[in-house]
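Several structures are given next for inspection.
Shared between the two complexes below is chain A, which has chain B as its partner in the first and chain C in the second.
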Partner chain A sequence: MERDKHFILGVFDDEDVLLHAVKDVRSSGVKIHEVYSPYPVHGLDEELGYRRSRLPIAAFLFGLLGTSLALTMQFYMMKFDWPMIIGGKDYAAFPDFIPVTFEMTVLLASFGMVGVFMVSSNLKPWAQPRIFDLRSTDDKHIMAIDIANNSSMEQDKIREVLKSSGATEVNDKSFDE
Partner chain B sequence: MQVTSSVREPLVTGGKTYHDVTQDVSRQVEGKPSIAWFLAFLTAAGVLALGFIALAATLWEGIGMWGLNKTIGWAWDITNFVWWVGIGHAGTLISAVLLLFRQKWRTSINRAAEAMTIFAVICAAMFPVIHMGRPWIGAYWALPLPNTFGSLWVNFNSPLLWDVFAISTYFSVSLVFWYIGLIPDFATIRDRATGLRKTIYGALSFGWDGAAKSWMRYESVSLILAGLATPLVLSVHTIVSFDFATSVIPGWHTTIFPPYFVAGAIFSGFAMVLTLMIITRKVFKLEDYITMGHIELMNIVIIITGSIVGIAYITEFFIAWYSGVEAEQYAFINRATGPYWWAYWSMMTCNVISPQLFWIKKIRTSIVATFILSLVVNIGMWFERFVIIVTSLHRDYLPSSWAMFYPTWADVGVYLFTFGLFFTLFFLFAKFFPVINMAEVKSVLKSSSEKVAK
Partner chain C sequence: MAHDVQNYNLDQKFEFTPALKKPIMTVLVIGAVLLGIGIVMAMMGGGHEEAAGEAGGHAFHWYERVYANLWINNVYFVGIAIIGVFFFAIQYAAQAGWSAPIVRVMLSLGHWLPYGAVLMLVTFFVANHDLFHWTHSYLFDKSSPEYDSIIDGKGAFFYWPMEKGTFPVFYIARMVIFFGFWVFFFNKLKSMTYAEDGITDNSQWFKIRSWSAFFIIFFAVSSSIAAWDWVMSIDTHWFSTLFGWYVFSSWFVAGLSAITLITIFLKGLGYLEMVNENHVHDLGKFVFGFTIFWTYLWFSQFLLIYYANIPEESVYFLERLSSDVYGPFIFVNILVNFVLPFLVLMTRDSKRHGVFLKLVCSLIIAGHWVDFFLMVQPGTLGHNGGVGLIEVGMFLLYGSVVTLVVLSGLSKGNLIPKNHPMLEESYHHHI
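Coming up: the complex of A and B.
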């Protein structure tokens, strides 16, 4: 059966070996498709050259939206739409609006950020992820190298680089696209 | 590079490898439930069914089923509400505040503690909803919904409304925080499973693949959620305390309430976490993950928050005298020596004296003593809320309106209902969800297991 996506996988046991291996593999000119780990490995994103996540900015903007929505809602309802004197206070009793404003800021910031995270990482109940190796959610780190992206290099050379950088196994995996 | 300290106790004992962690935690999700689990689950479901009779009677007849009278308009319902919300504070505190403080020991207890938080908040929210009397139209009273009764909005000056926003935000943010943490672990179970289980856990795992990019975003999301949840968790009980502090009732109208309620919430929350963890680690044989070290650290949190609560009680008493306000002075003397003296002294014994026993190392490292004291603390915290609410209300400004509160079977039954609900949900969680955050435990394993560190 002809398959159109071919990968070489390096299997790593240890996170420190993995971090060094990422550096070695990249410096030898091999482009890494992605590394799959069972738990977050600190410093891996920097070694892979990923830009810092912009999710905090999304959270801030959604939070700002929450603040302004909450204040607009409360001022509109309490001061303009149906003003009532409550406890001898001003119609627009600003200090009283702070708790609801705070809660709505937190609510929108959290949900907005998580929503962006779900979309950007393609997380949804019906998603069918590409599983390179079932052990990547158990105890192995899997470094996937896309052959199509490394056409200038011999495949055996890539395998050599993976082996010498500490991979305990080097496997092949193909997917139908 | 990983630095292993010879002085620090390992976070996970038993020299576990990464695969052992997966194995130990996934085992009870995959295996057939044990007899002990069935018995526990059926007991909880039985209590739930029994309590439902009281709930149904209350909904059918109205809250006249309860022992409330015109003087004491709030009693067990609000006591139970505040008590459950307080218990619901430990989970987010453990996962958010301890994350910000880089306390790595939280990794083995945060999952179950967050689950407990969510279930406790569900139980808490039952009470204000039932107390509405006609909850099916309650949304108009609780939420700013446009309606045909006139364009009359909810009152944003009222702490009761702030509570609606605080509790619902707290519930939804905690739920999201908890679920984000569950996604990688569901993926682990998915990759071990076949057939129907693979489909179910595959859907629950949202297609998680453990890519470095996803982990980077995951960590970023966890950190920001922790940063947002920390002020949130403090705000929730602060706002709950405003329900009382903004009312002009002797014994309620004090500025000490917010910090005092928050400390009490953490106090009772940790006690409930201990109660559940001690059972869970035993039933699921997770003693290597939830170690004596964890129990001791939680006991230390209990000493600290228990002492804060104790100082708050004394301060309250002192300020009542020092204020020179007669009604306030009377309210406090009446608490300690009036008809509800037994409630006051139960609270004092359970909350102020008993946690001080944890200063003795033998007691705070004993499973049996910790388990008993964790129950004592929660009994004490229930009495604290009862004392604050009922003893302040029962002596009205007019002596002709003085009254006592006697709970009816419906009061007791609705309280039982929430217990049934809480434990039913917790047992379902413990069986079908990974009770320990596998991914996060694996990330701290290197500094605590010599087999992995090599």
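Coming up: the complex of A and C.
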């Protein structure tokens, strides 16, 4: 996959200014690549127009997988593979299976959710994240705008939109790869 | 943020108009008619033939079933009422902001408490021998052939300081003290929250918070002991160490469902404009979460008894699971109170839209009645019990009377605590 190389960065001091800026920038027709902030900003997802995460669906499906795996495993072991009488109950004593089933459901749902999150967010251990501006881990909000994605607009116009919407700095950032 | 909370009518009062009372009265009449038909049918039937022919056992009378139903509904609706006060107290003790506009809806459930207290005491005195095995004095008489050493050992819990088998002073004293304090705390919290409307500083909020904390401490002890007294003592030989929590959780889910239903109902009528889907979402999460909490306790009680298989413990579930009358209801209980709310309320959307919550909360309120039905009837009526016209009629009758009392109590004062210090925070609540 070819990676985009040239970005314009708007640096914001204040989250409230940022929220309004996101609205202004998007309404002026500029497509925002991503916003980086040191902490979660309430309402930023909606302003950026992100869809709701579908992670819960993945969690549910993995949980369902855990439930069925646990029940299958226990029924197979206790009924067919090595039937054992425990506590005078039937071989396939359903209530006995519930604690293990619960644990397997929780385990697979949480592992599956973490796994899906890492895959969908491209968080593989060898990934080289692009650092747009180190200050986004400290006290600044960074709005990154992909030039290739906004080819219909003049770059100076984009800078002007960022400035007028409250950015304290407007910088350029390029990546080699 | 151009809007703020002052844009809304904070002085609004809930008007309990005759048009609103009409459907509730209709349910009340239907319930009364069903109950009447049920009683007449039971009288004509003269009890079960098997019961009459039972050697040694006493003959079954129709009124025992009425008493058992009175007891089920007394315990159940008193529980819902006190949960309203408890959840109100929780909001203040936890300094919750989101719930500020609906705290009075929670508290309004407590209006049933004085009526419930009277009904409970009257029912106990009228029906004691028919409901509670331990009230028979021959159990404590060593010379009697029916002397029961186990119940004798527990006798002091009911009769202290009197002689066992006479008048249950300790039991009645506990009932009176619990109801006395519950009604006292309810009235105290109610008068404090309405007094807040007249002042402008936060002092009243701090007072409510302190009183709430005291109430929670009292409720923590009294709810458990009330569950032993009112429900667990029916099966006098048997005991379960988590029974208090189990009954509390059943009350709590039903109470939360009632609070959610009233909130959605008021919103549907145009009240509580500042309550939006975010607040409803939180209520939905409470219902969803405590549904699972109830299931956890129910199953913990069941699994340990089933697994250890000690006769004196497992008899409780044997009586229920192996009975034609009660066996199916065990599964109804699990399906309606766990599987259905778990699957329906799992998604975010279903917790934010009134339609799903109305459906699930109504079913939960009926479902937890079944839970109490399963706690009370097997020990009192045995195989003469079941869900028939008497049960349905009595439940509808009680439910509609409680609704009338609660809603008319709610209509007495302002709906929204307009000087609650966190009203603005609640208005901006967003999840």
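Convention: the second predicted complex is superposed on the first by the 173 of 177 C-alpha atoms of A that agree within 3 Å, B and C clash if a C-alpha of one lies under 4 Å from a C-alpha of the other, contacts with A are read in each partner's own complex, and residues count from 1 in each chain.
Methods note: a contact is a pair of C-beta atoms (placed from the backbone, for glycine too) under 8 Å apart; a residue touches a chain by one contact, two chains touch by 3 or more.
None of the values given here were measured: they were computed from a predicted structure.
Once the two complexes are laid over each other on the shared chain, residue contacts for A:D96 go to chain B and to chain C alike. When the two complexes are overlaid on their common chain A, residue A:L55 makes contact with chain B while staying clear of chain C. Of the two partner chains, neither chain B nor chain C is touched by A:T168. After overlaying the two complexes on the shared chain, residue contacts for A:G43 are found with chain C alone; chain B is out of touch.
In the superposition on chain A, contact of A:N149 is made with neither chain B nor chain C. By the touch criterion defined above, A:T72 reaches neither chain B nor chain C. The partner of chain A that touches more of its residues, comparing chain B with chain C, is B. Looking at the shared chain after the overlay, A:S27 reaches neither chain B nor chain C. In the overlay built on the shared chain, the residue A:G88 is in contact with chain C alone; chain B does not reach it.
Shared interface residues of chain A, touching chain B in one complex and chain C in the other, are 56, 87, 96, 99.
Remark: chain C residues 299, 302-303, 306-309, 346-348, 430 touch chain A in the complex. Those residues of chain B lying in contact with chain A across their complex are 1-2, 17-19, 22, 144, 150-153, 155-157, 159, 161-162, 165-166, 169, 172-173, 176-177, 180, 183-184, 187-188, 190-192, 203-204, 206-221, 224-225, 228-229, 231-232, 235, 239, 242, 438-440, 442-443, 446, 454.
Those residues of chain A that touch chain B in the complex are listed here as 14-16, 34-41, 44-45, 48, 50, 53, 55-56, 59, 63, 73-74, 77-78, 81-82, 86-87, 89, 93, 96-97, 99-100, 102-104, 106-107, 109-111, 113-114, 117-118, 120-131, 134-139. Residues of chain A touching chain C in their complex: 42-43, 52, 56, 60, 87-88, 95-96, 98-99.
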